[in-house]
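Right after this note come the structures.
One chain, chain A, links the two complexes that follow: it is found with chain B in the first and with chain C in the second.
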Partner chain A sequence: MSARAFPATLIQRPVPAAITVMAVIALSSYSVAHFPRSIVAFMLFQASILLLYFSGVTPWLKAILAVLTLGLLMPILGTINGFYLEVAIQVGIFVALALGLNIVVGLAGLLDLGYVAFYAVGAYTWAIFGSPQANRFISETTAQFPLPPEWFFVFLLLGVLTGAMTGILLGIPVLRLRGDYLAIVTLGFGEVIRVLANNLDKPINLTNGPKGITPIQRPPLFFRPVLNLMGIEASPVTLYPLYFYFLVLFIVGVVILVNRRLENSHIGRAWEAIREDEVAAQAMGVPLVRMKLLAFACGASFAGVMGIVFSAKQVFINPESFTFLESIGVLSMVILGGMGSIPGAILGASVVTILNLQVLKGLSLWLNELRNAGVTILGYNLADLPSQFEPAKYERMIFGIILVLMVILRPQGIIPSRRRTRELREK
Partner chain B sequence: MDLPLLLGILPEVILDGLILGFMYALIALGYTMVYGVLEFINFAHSEIFVVGAFVGVEILLALKAREWLDVLSPFLVLLLLLAAGMAVSGLLAVTVERVAYRPLRGKPRLIPFISAIGVSFFLQDAIRLFESLWRNAFNLVYPAMDQLNRRFTLTETIDVSVKSLVVILAALVMLWTLHLLVNRTKLGKAIRAVAEDQATASLMGINVNRMISLTFLIGGAMGGAAGVLFGIQYSLINPYTGFVPGIKAFTAAVLGGIGNIPGAMVGGLVLGLLETFAASYFSLLTHGAFGSEYKDIFAFSVLILILIFRPKGLLGEVVRERT
Partner chain C sequence: MAALLEVRRVTKRFGGLTALSRVELELEEGRIASIIGPNGAGKTTLFNILTGIYPPEAGTVSFRGRSVLGLTPDQITALGVCRTFQNIRLFANMTAVENILVGMHSRVPLGLWHVLSRDPKFHREESRLWDRAAELLDVVGLRGKANELARNLPYGDQRRLEVARALASAPTLLLLDEPTAGMTQGEARGLMALLRRLIAEHGLTILLIEHNMRVVMEVSDRVTVLDYGEKIAEGHPTEVQKNPRVVEAYLGRKKWGQAPGPEHA
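Coming up: the complex of A and B.
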């Protein structure tokens, strides 16, 4: 659908497109392998995945290439430079979050500014029971914590449930509110969850307060015997990032599948009807309350699962990871990509995460090197630059600019959903 | 329960609550006026407020560096701070409206709101960037003014600092002026007309865009004044200070009935008092189990309860929903 927007005709026709895309992927992965520390090379690799998506390659070949790049090339490059794998995992986590928020904001049109609360609930669910923390409020005779690592998979399902439950819990009282009132209340809810996490170390120590919880169990390396049989001896240090990468990739795959099925089902259409006109939707027989609760529950459940993965990946969590900033970050991903559009949410999440983790951090490091070297630009000695100034600390500014520019210049987003575009054009 | 202790701190609690309440009332005016005219939550208003606080601290630091702070009368300095803070914040609010809200007028409701969130985030880091480059620090402290910090005793248990009284007085004067402006002048009538019905107001020869700008100017100026007073009262400011007071002030506006100017004052005072009571008595009443850190949760719960059970607020008219 979006291929037409691309100016180059070369990548629209299947055969030349296939050749070009394969060449670009090969070239970029070679350059990453050759210059493992070059951020530009890795961004080229990321761009090649984007190119693959937009190109007119025949669908089956596209699928094969996608599996190859994400399932084989990315892990290999990740073993060359571990940071890239970390970036890929983070992108995956945020893609799932953006897709979840996309259901609530993009499809159902309910602006949720406290989305990160569900993520926090998921993260704390595993953190409390997957670490010795639970011993502090459950008497030691009945159960011994941390739970064994195998429970992680049970908790992945529990994460869906707790996320959905929290979503419904928030949804019930606030469903009567519309528009910006709803936004403010969800914002308040997000803050309440964070304040609770910060302060529930007394009278009962549930969350260990601002100190956070550590160490949290990681999932079991159940495939290790298989690897040993195959003659591969790998240490947990190298295995865990790859493990998390594939885990996140798998979950993102499931989330995308669920999203696509939902979007075109009667539920998705009901959500969009609510977004367009609540009264008309109700008149047409859309059960408002049930559909809105369902939207909240679905969106929240994705965040819940990713919260579980996040806490297991980080081994340590504290309330600082779940601030309002995170909620706005996910929101700007959805808006950048295009509200209500699945490829949009994926692209938005990738762009923002890469910008944050890679570009800004890279810029900070580079600036620091220049500063230490005392380089002079246009007669200004960079050594005089105040030490407080660090591009990596200005992500709010980036989010802010993204939000304002997008709603003014291109409210439909980078990859708009077709129905949404029509709505914006009418008004 | 220790009743004498609870009663003993009561006057002080009420005084603190009043100060906080007037602060909320001043900020809430910005939200409520803009909402009255455009039916839009100006999420960036909390940063307009912080800008006022930073203008104040910059002027004070500049005066201090030249050692004029001890020479000039503190009340003159205070007037200067208020005037500068109001001017800068007011103009900033007008600019923000021009750049980020006006192009979006008439779009679906959520669109300008998202833009406002963007502006809010942008301004937070813009202040931080500016202060980082200018002072190499962005957590700033208001220099103490000795004459304002002097305390005097009312009774044997209650003593009041001069600055508390000054803050309350300044807030009262400003609220009264605003009340006169909106209800007794032609300009105020025009603003009210625009709030009532933009199209008809425009047919009556009112320049709607100019009135909207004026609304932002007044709301922003009140926010800026609140920022200066906040700095004088609580000393410590940083670019992110505005978030929590902003949300609280919005709560106050909703509590009083959003779009309603006396409502914002009543709502601000009620919320300020409730919150201070909660902060002082929570830990006493629960024997230390829940401390004052729950006061934010308390305020948010108040907001949620009002929105559910009395969405029009204490003094409000019915709010029309425009979808």
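Coming up: the complex of A and C.
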């Protein structure tokens, strides 16, 4: 090929790609370690993971590199700057949410604007029983609650179940609805769950209302004796972020696996058929009711289990965490990434979370610094800026502009769903 | 021999319009029957009732002696009745082979657990499905286009893919709604040859809505004529051809053997 193709071969041909990717990963992790407070360095590290995904590195090497970066480098960098680990955990949580919503919206084509409700149901399930809250309506005197931390793992499974059940509960009344009507009802459902959480503090105090629930049990540090044996003395303060990071990483792994298996099966194909043409799908033998409920249940179960993790991680939850804006946030991740595409949902969730937590925050901090320093741009002194134009208020606006531009310029998303995941091969 | 499909006094109204009025139809196994009639005669409405898309106001429909009224379309498909649509309704953003795989849904003996665990049964069934899909693509002559998106296929291919998708559900009774619409005379003849072969090889029974008279006369064992929702004639193609009511209602406006005009495209 011509010289123009040279940069492309660097990441496409297996051997040069392996060298390039490893160099970028090494360089970026080194720069994060060296400049632990630099947003740019950490973003370079995140980009290197993306580069690894898109590169033409041989699959087995790719897997090894992915495990090394996510399983080793990321936690190490996370101990250097704890905020990065928090970012990674948040990304993981939202990846699972986006993948769940991707089943409902992307595959089955059922627009759900109240998805965060399932997340809330999961979060409250553990919050109520993993804190003294349950004593208030079960038995004030015996004080059986909070449940011991080991129960957290039981509740992870319970989160899947309660999520799925809530999904079916929502699914049944909306089975006959399509498009706009479905969206409105799901929106209402999301609000109902939030309002319930806000008001179920009387007559029986289930959710403690707007005050929220705290302290919620965190999962047990069952591996601590092993660490002690190895001579590592780590305090819970440093252990818990790492613990949650690996927990989230594990759950995300399971979620991706389940998602892929569903997608490449008759169930996934039936969902897509429903999205394409409901009447034709049913005429071809796809049981609409069962398949739609299954889509709602599967999508919701991912949110349910992540809700459990979220409440344990935060130690405190209140209805504020489950607003309509959260649902829209997750939906924008799915749309930005590419509807119906698993890598798209993952990337969309990562990009949006990182944008919100780091890039836009960093930008507004920087603008604020400029303003406080009284820098003059084009003859205008930024210090004169009225408070209505406070940089912190730009964050949402810039995010909005990015969304609008993306939808206009690349409506299929960053990584569009690759339709031919499995092709019929000639024998 | 008992009829495979029995339609008795079926009536369907849309508001003030009577789309079907006491229509009777009987179809024996292994036959090709056609329903003809001018536009708006109620042909597609009858198909929609047979496949459970909407219920009739009165009358009965039974398949293999069992009433299918009240069943959902997917249940009827599982019983062995499958259809194509007049205005092609493929899953446009899925590939040709995936369209066929969806058609097999009611014949997939796998549950959620098999899918999630990917046990040997899953792999066995999945590869059986793909093999069968490849076969069906061969049958309709679309093997080379297995991985093309349905919406990118030429019109004639889309029609044939719809037939293949309907065949994928292993039906006993195949309902084809204007399968040759928009096809050239040669393509139409090819499709009909295929249908005859399917009947011979698989014991299929076919009910056809068709405007292409040459096709109707060539392949049908029986022809039913509908006009304004009423059955006005029935019988062997040559008998129907001579029926004065038919000539008056429908054929009088058109000469025999002519290709359909552009209004059917």
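Throughout what follows, the second predicted complex is superposed on the first by the 385 of 427 C-alpha atoms of A that agree within 3 Å, B and C clash if a C-alpha of one lies under 4 Å from a C-alpha of the other, contacts with A are read in each partner's own complex, and residues count from 1 in each chain.
Assume a residue touches a chain if its C-beta (ideal position, glycine included) is under 8 Å from a C-beta of that chain, and two chains touch if they have at least 3 such contacts.
This one's a predicted model, so the numbers in the text were calculated from it and none came from an experiment.
Looking at the superposition, the partner that touches the larger set of chain A residues, chain B or chain C, turns out to be B.
In the superposition on chain A, A:Ala270 makes contact with chain C only, not with chain B.
Look at A:Leu156: by the touch rule set out above, it reaches neither chain B nor chain C. By the touch criterion defined above, A:Gly400 lies against chain B but remains apart from chain C after alignment on the C-alpha atoms of chain A. With both structures placed on the common chain, the touch criterion links A:Ile346 to neither chain B nor chain C.
Once the two complexes are laid over each other on the shared chain, residue contacts for A:Arg178 go to chain B alone; chain C is not touched. By the touch criterion stated above, A:Met284 is placed in contact with chain C alone, chain B being left untouched. Looking at chain A, you'll find residues 277, 279, 423-424 touch chain B in one structure and chain C in the other.
Remark: chain C residues 51, 53, 72-75, 77-78, 82-83, 85, 89-95, 97-98, 101-108, 110, 112, 115-116, 118, 122, 126, 129-130, 133-134, 137, 146-147, 149, 165-166, 168-169 touch chain A in the complex. Note for the complex: chain A touches chain B at residues 109, 111, 113, 173-174, 176-181, 183-185, 187-189, 191-192, 195-196, 198-199, 202-203, 277-279, 324, 328, 331-332, 335, 386-389, 393-394, 396-397, 399-405, 407-408, 411, 423-424, 427.
Across the complex, chain A is touched by residues 40-41, 100, 103-104, 106-115, 117-126, 128-129, 132-133, 136-138, 243, 247, 250, 254, 289-291, 293-294, 296-297, 300-301, 303-304, 307-308, 311, 321, 323 of chain B. Per the touch definition, chain A reaches chain C in the complex via residues 258, 261-262, 265-267, 269-270, 272-273, 276-277, 279-289, 294, 419-420, 423-424.
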